[in-house]
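Chain nomenclature is as follows: A, B, C and D, assigned in order of appearance, with residue numbering initiated at 1 for each chain independently.
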Amino acid sequence: MAGNSIGKLFRLTTFGESHGVAIGGVIDGCPAGITIDLEAIQQEMDRRKPGQSAIVTQRKEPDTVEFYSGIFEGVTTGTPIGFVIKNANQKSKDYSHIKDSFRPSHADYTYYKKFGDVRDYRGGGRSSARETACRVVAGAIAKQALQGISIHAFVSGVGPLKLEKPYTDIDFSKTESNIVRCPDEKMATEMEAYIKQIRKEGDTVGGIVSCVIKGVPIGIGEPVFDRLHAELGKAMLSINAVKGFQYGSGFEGAEMKGSQHNDLFNADGTTQTNLSGGIQGGISNGMDIYFDVAFKPVATIMQDQPSIDKEGKDVVMQGKGRHDPCVVPRAVPIVEAMSAIVLLDYYLQNRASKM
Amino acid sequence: MAGNSIGKLFRLTTFGESHGVAIGGVIDGCPAGITIDLEAIQQEMDRRKPGQSAIVTQRKEPDTVEFYSGIFEGVTTGTPIGFVIKNANQKSKDYSHIKDSFRPSHADYTYYKKFGDVRDYRGGGRSSARETACRVVAGAIAKQALQGISIHAFVSGVGPLKLEKPYTDIDFSKTESNIVRCPDEKMATEMEAYIKQIRKEGDTVGGIVSCVIKGVPIGIGEPVFDRLHAELGKAMLSINAVKGFQYGSGFEGAEMKGSQHNDLFNADGTTQTNLSGGIQGGISNGMDIYFDVAFKPVATIMQDQPSIDKEGKDVVMQGKGRHDPCVVPRAVPIVEAMSAIVLLDYYLQNRASKM
Amino acid sequence: MAGNSIGKLFRLTTFGESHGVAIGGVIDGCPAGITIDLEAIQQEMDRRKPGQSAIVTQRKEPDTVEFYSGIFEGVTTGTPIGFVIKNANQKSKDYSHIKDSFRPSHADYTYYKKFGDVRDYRGGGRSSARETACRVVAGAIAKQALQGISIHAFVSGVGPLKLEKPYTDIDFSKTESNIVRCPDEKMATEMEAYIKQIRKEGDTVGGIVSCVIKGVPIGIGEPVFDRLHAELGKAMLSINAVKGFQYGSGFEGAEMKGSQHNDLFNADGTTQTNLSGGIQGGISNGMDIYFDVAFKPVATIMQDQPSIDKEGKDVVMQGKGRHDPCVVPRAVPIVEAMSAIVLLDYYLQNRASKM
Amino acid sequence: MAGNSIGKLFRLTTFGESHGVAIGGVIDGCPAGITIDLEAIQQEMDRRKPGQSAIVTQRKEPDTVEFYSGIFEGVTTGTPIGFVIKNANQKSKDYSHIKDSFRPSHADYTYYKKFGDVRDYRGGGRSSARETACRVVAGAIAKQALQGISIHAFVSGVGPLKLEKPYTDIDFSKTESNIVRCPDEKMATEMEAYIKQIRKEGDTVGGIVSCVIKGVPIGIGEPVFDRLHAELGKAMLSINAVKGFQYGSGFEGAEMKGSQHNDLFNADGTTQTNLSGGIQGGISNGMDIYFDVAFKPVATIMQDQPSIDKEGKDVVMQGKGRHDPCVVPRAVPIVEAMSAIVLLDYYLQNRASKM
């Protein structure tokens, strides 16, 4: 597994298992001279951390980031930023029941087949979404570097409930006003009730996180294989439980005609419509970038499920422990973090486009 | 722009503009010992080439591949495979009208802003989908290496027309029986009529290409950032005009409950359902991999459109020349090619997973 | 600075400043299934650590490695190995005199010009050779993976003193029998006396580390730009204070005739001589790989030196504190570590050479 | 073999066998806006090409470069530059005698063992130095981008003959005044006579190419693993027949004391001496960069040599055909090209060092 890095110039490499000693990472290529607001980083961590509200897993993790290098007197020095988040809550015993068995729709079976017999089965080990905490650290730093660019992720779908509003009508300042992170009060209340109902059933439900990025300069993105939206898509699809990505007109665009879909220019190079989603030919055109990310329901449910063990024998997976009934409220800061990481990386790459 | 490569071990780098001397590429890391069927490669090229039927652009390009290295006495030698496709049809004059103007929803404007004044405007230059011919070359070679794996892309949507069938009910042998490349005869006929109607209107329409991959061994894929579906998603999103990607349950999965979505195991490790789409935790589980790719309508339409020039002055983009009314029939071999490239690359990467 | 990684499939990324909280790294792509001997790793660390003998710096650092991930029940799991080495000895005050001044032939000035005003000046910060401790960790793990390959580095030169013996006459079991790490008893004694003399003068001296690698299978190495010896050379040249690298016949080979230099074959594919140094066309041929690495004298001397500050004003750099009079005894395990890292990476790459 | 690329932002990928249809490559990441002097490129090619003088191989190759993309109206567009050099002289029959046998100290045996039975044996196939022509193309373009930086390679050693002059005493304008490319008239004459003598003996001889780079801005180079001199070293060691690399004080530096070796500052940040070789901590300090590259004698000699075939049976390798009695005169432009490629790549990387 050498897939633990993302980025070319601004590059994050992460390590760590859900119930090991610690998780952490190295941010290489962070430009020198960025004044770091440590509190703002921790706030991002708090948006992702477990136990933050009644509708997320109750695992207790303070998720305090310790920085070991790369920041001196509050400013980035251009050297790699090493950081560590200790795992506070390591109830390894809780997981003895999955030592030799495979939970349905988790990565237990595929890790076992790929890497062999010795496997950190505790809480999914490396395949746990706990790893995403490290992404939030790097994303928070990238955000601080990206002056003038604002990234607004929010929950736009929970199960069958969907926020059917054009993004231009949304007041992003409302996103953090509720525990679902849906910037529409009425919908947020419905979603919260729905998630609580699902939790009561011992079940889980999927959802959609949407994201709008404002203020991206024109010219960010590399053509052909590394189109900006292709890398954004990969970054989102690399988040646990993600099943789909669309940007601009997305899947609906596939139903449209060219005469409807084309974004006509204004004299200043902006466009009258923005079905392109802020990217043309893989390069930002200065308009808002927006996209949707689909999350499947969390595989861990509080219901008994039949499964198999290493020998292929029948076992029963008992529904017990802590879990997220719906992952999207905690996924909002992760989507923002991945956006920031990709944007900063491409922002730096773009400096090499002209002589 | 250093984004002209894809792959880590099996790596394709492409070059070339739509109306330059030639396009081509280098395939590096192709393992030694693969017997190459040149005719099969050309057949793939013919599936993508312009002028192949009444519903695609009538540009005439034989798209004959010349191989310059890496294949000796019909077998790959492990050295890089250099190849070139000469541009037969270089009517540069056709493009003088866009020399200083920007076509709506094309990459003219963003290339100009990113790379500066000197720009090969002819037919979109580098941003033209002509570049995808090189992907088909590499994909055809990858397919020949991937013994036992079969890749079946097909058109499942054209504008509002959709093939609403579970993929398991589809007879892939029918895909090439019609010029739309929809493996359902009735739907294919409707789609063909619709595309012809659109062409008559001087318009274009989007569509959906779906793909099913069978026979992928268990264990292919790298966890965390390089999940197999994340790289597949990036590969698809890097194709011209793509706006969305979903795999397995996709966006519908976001509406489901965990108790519905979980794929329960059979005793042999296969699963009773396959909402996971053949990938769990970023690693193939041996079940079919399937996904959808959304294409927006081609931006070049045969209708006059208002636009701007370099000075921001109003111009009229005249609808003239050759164009694809709907890109998806020709996109089918490209989706297959990108799948093959990603799979072979990850297949080779997987050889390093255990000592 | 995004240059903190080495390796393609087996990949080490390091972080940390000399007097920060900690140094550490991530080893990504370590294959699953390697049983890890933690004591053997610590032994390698002890060979590199300061304070180990009378002829090295007396800075006190236990250099205890803490592993945070990637090893479970004593075996690698294929997931990234995160590790940290706390900096015990952080006498930051010692360095206030170089806060605004540049030490001659150190990296103070170039870091300042490259990264700007904020710079961790304490003990050289990131440019300190302290960083090499992380290389030894990764190298020790790579060594354990490389069953059947043995790597023997040793001191072959200290200032004017040189071990003029063909490597085939050397008894590598003697290397660790003296504090210089020269496997010739008589020469080791002379070298030790010479280093002590240099230390007394408050001066430093350069030296040569040679390395012989036995048991490398045939076929390791990638042709053209990534030739095995090219990557070995880069790995060695990336060690602090290294000024030169030669392998096989090296610079002497430049004086020879082809009729002398060619290694004639034996019937089994081995060669009668080995001026090639075990590598032909960038690929191992199964013979011993051997090379020399030249280290310049450490720049920190215990003598006053004129220098400049940020404003270009004259300052005097006082010779004080702790330093290594000669770096090569401690460089021996680093050269071995870098060899092991490169070899394991290329060993894994070679798995993709044939279908 | 996926080692056919060099560079991170300015990236060259090459392909082609000595006696295949053509060699060529793709230069990706060349910044837009460089006015290209095609004649200057061809002049560099002519400095490397065979048949240029009485002391090099008499193979006839015009080595005319055809550019297929990336340059429009004489200016780089930022898109990949694809180029091809046709192989004019493909006397494949000449090589039937090595179809199943291995030439001593060539790469025939290692390629066979690494890649298997099917191998382009003609003239060494991919392992031939013919591939370096592509490096000269990319280097010539990089040179044109690197305004203000001048790169001066020259022959400083041929067999036992050595130019023992400090580089500061050399008049680089003399390099091209003789066919050896030694900028000292007297030494050049001796070297030429010596090479002719060697050729008469049917033998070959090694040599040294030295290189001085002037005008490199301060701050170029990435610390730790990607130190500027480490990448330069790798680039040089990747050239056919190279056995050693040293920069600045080099191997002699290993004999020196710190008090002699340290380069004291002038008030303007320049240094009074330059034993550092223009690089400190892996980063350029604005002083001249200089280094030496050792080439072994060419393995093809015009004398009969005993060897083996695939079955390990004795064969006689007959000395016949065309060969270079000494490779260094033709290596001069290659060393310059590799220098330019590395410098431009690092120059672009440096743009990301600060925010």
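By our rule, a residue touches a chain if its C-beta (ideal position, glycine included) is under 8 Å from a C-beta of that chain, and two chains touch if they have at least 3 such contacts.
All values reported here derive from a predicted model rather than from experimental measurement.
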Centroid comparison with chain D (C-alpha atoms), farthest chain: A
Pair joined by more contacting C-beta pairs (A-B or A-D): A-B
Option reproducing the contacts of B-C, where over half of them reappear, out of B-D, A-D or C-D: A-D
Geometric centre distance via CA averages, chain B-chain A, whole Å: 26
Inter-centroid spacing, chain C versus chain A (mean Cα positions, whole Å): 39
Where chain A and chain D are represented by their mean Cα positions, the distance between them in whole Å: 46
Contacts with 2+ other chains: residues of chain B: 1-5, 8-10, 14, 29, 32-33, 76, 78-79, 114-116, 126, 223, 349, 352-354
Arrangement of touching chains [line / ring / star / complete / other]: complete
Chain A-touching residues of chain D, taken from the complex the two chains share: 8-10, 29, 31-34, 76, 78-79, 145, 223, 348-349, 351-355
Residues on chain A engaged by chain C in the complex (per definition of touch): 1-5, 8-11, 13-17, 20-26, 28-29, 32-33, 66-70, 72-73, 75-82, 84, 111, 114-120, 125-126
Parts of chain C lying in touch with chain D, wherever the complex brings them together: 1-6, 14, 102, 104-107, 109-111, 113-116, 126-127, 131, 157, 159-160, 198, 203-208, 218-219, 221-227, 229-231, 233-235, 237-238, 243-251, 253-269, 271, 275-277, 280-285, 292, 294-301, 303, 305-308, 312-314, 349-350, 352-354
